[in-house]
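The structure appears below as structure tokens.
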């Protein structure tokens, strides 16, 4: 088993560690903040990555709770979250990280939740 | 990648670690306890920061569960929490840390929850 | 920033770490087991504290899940817990640790939950 | 404070650490797998304990989520779990570890949950 | 107590550690990705295992939340998850890891959840 750590990235999101591959962070949403942080051009990183902590994890000052479904989306291409998780929190992180492809879906979910029942369109 | 740890702060809140930037802790609520702990004047810290543990994290003797939405609010400017989280706990921490701008909203949420349904004003 | 670790106590409750101040553990419930463990008389500890683990945390063989609201109560004076948390578990720990001031409230909550709806007194 | 680690046992259950006392693991259910692992006879352990990891924790290849209420039961003699926890998971672990005294209660809870409402006996 | 770490495997799934035995990972689903990663043939591993991190854990770039019920299934042969957990997430991981024997059950659960109530077949 060879250790090629350069393909693996650990993020310290608000104090919680997440491990993922560079390919996951870059491929699905190439214009997102995460892709810009870790995509290398011929001149090196396109974007200065954030500071690292003493465990060599990249520091990101955001909510770990709502980052988790964002990262799972980049891994699997599916937006999946548990019933107790507030989609407003996921939407907020999608906007911050620039994960454009799930923002419309999340906005729709949040709008439906906030609309009083008797204002919902008839189906 | 340069390591400028002085801009990053790790808090040990009741035994759980939270990492954030000095700017997050100071900017949104400049008169809060957290801002006073980490804002530097020309003479150094305005307020003596709390003790640090063996991992150089600032020790704060409060609930980690209810601190999390407080810190997310300082990061994003939005009060967002999951459906199982008790807003009374967040209110308690907002009061302790002096996060004045979310106290009225939280008080209203808590009051509505405690009012029996038949005493609610008609809408 | 001075490190005065003697005022801070880390508890290993069933495998999970909780950090608090000696004052929190002693002041609110001076006759509780925790107060007796950490209050010093002129002759030293009144009560032999429990064993410590390799991280200098005091070992307590109880549920970490239900200890959390107990410790928050000692910190803030308020009994607050999330909607999925079973109050029977908190009551069990309140009895074990001798946190007498919240036992009646918890007993009432647990009794109401266990009473079938049609046996509840009319309001 | 003396450190008598031999009375304290750390279990690595599926990757999560639980700390308890030998007495808790042995006393309540003397014929369980855990009691057999840690009870010493004059010739030493009655049962070969499992392997240990690099933190000297005994490795157990089971679910940490559902082990937690099992261990709390051995501590307090009460079966208590949160409203989102699936009792089928606790039953599975009770059977695996041989915690005979809670199996009938758990079987009854699981059976009631699985019975469609209109097949429930009248009360 | 002998330490035979070669029988125990630690996985770093998205930043969270899971410990299990090689036998659990191989036996229940011999054609799954996990079985292929850890089953040894006479010529060594059938499949190159993934990279390892600094704690000798095998790195897997997937969701830890939804991996947990998958691993419990390999341990106990039962699909069990808490009421707040989204079965779509478990299905996604079952497909990724090739745990064929639970895919039909999970597909049925997910389909029933997504069907509006008045389109459900009469029972």
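So that you can tell them apart, the chains are marked A, B, C, D and E in the order they are listed, and the count of residues begins at 1 in each.
Just so it is clear, contacts are C-beta pairs under 8 Å (C-beta built on N, C-alpha and C of every residue); 3 or more make two chains touch, one makes a residue touch a chain.
Note that the coordinates shown come from a computational prediction; the quantities given were computed from them, not determined experimentally.
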| item | value |
| --- | --- |
| Interface sides of subunit C and subunit D: same vs different residues, half threshold | different |
| Size of the rotation, in steps of 5 degrees, that lays the CA trace of subunit B over subunit D | 145 |
| Interchain centroid distance [CA atoms averaged], subunit D/subunit E, Å | 23 |
| Centre distance in Å when subunit C and subunit E are each reduced to the mean of their C-alpha atoms | 37 |
| Subunit B residues counted as touching two or more neighbouring chains | 83-84 |
| Chain-level touch network, classified as line, ring, star, complete or other | ring |
| Cyclic chain order when read starting with subunit D and heading to subunit E | D, E, A, B, C |
| Complex interface listing, subunit B residues touching subunit A | 1-5, 7-8, 10-11, 16-21, 24, 68, 71-72, 75-76, 78, 80-84 |
| Sites on subunit B touched by subunit C in the complex | 12, 14-15, 48-49, 51-53, 59, 61-63, 65-66, 83-86, 88-89, 92, 96 |
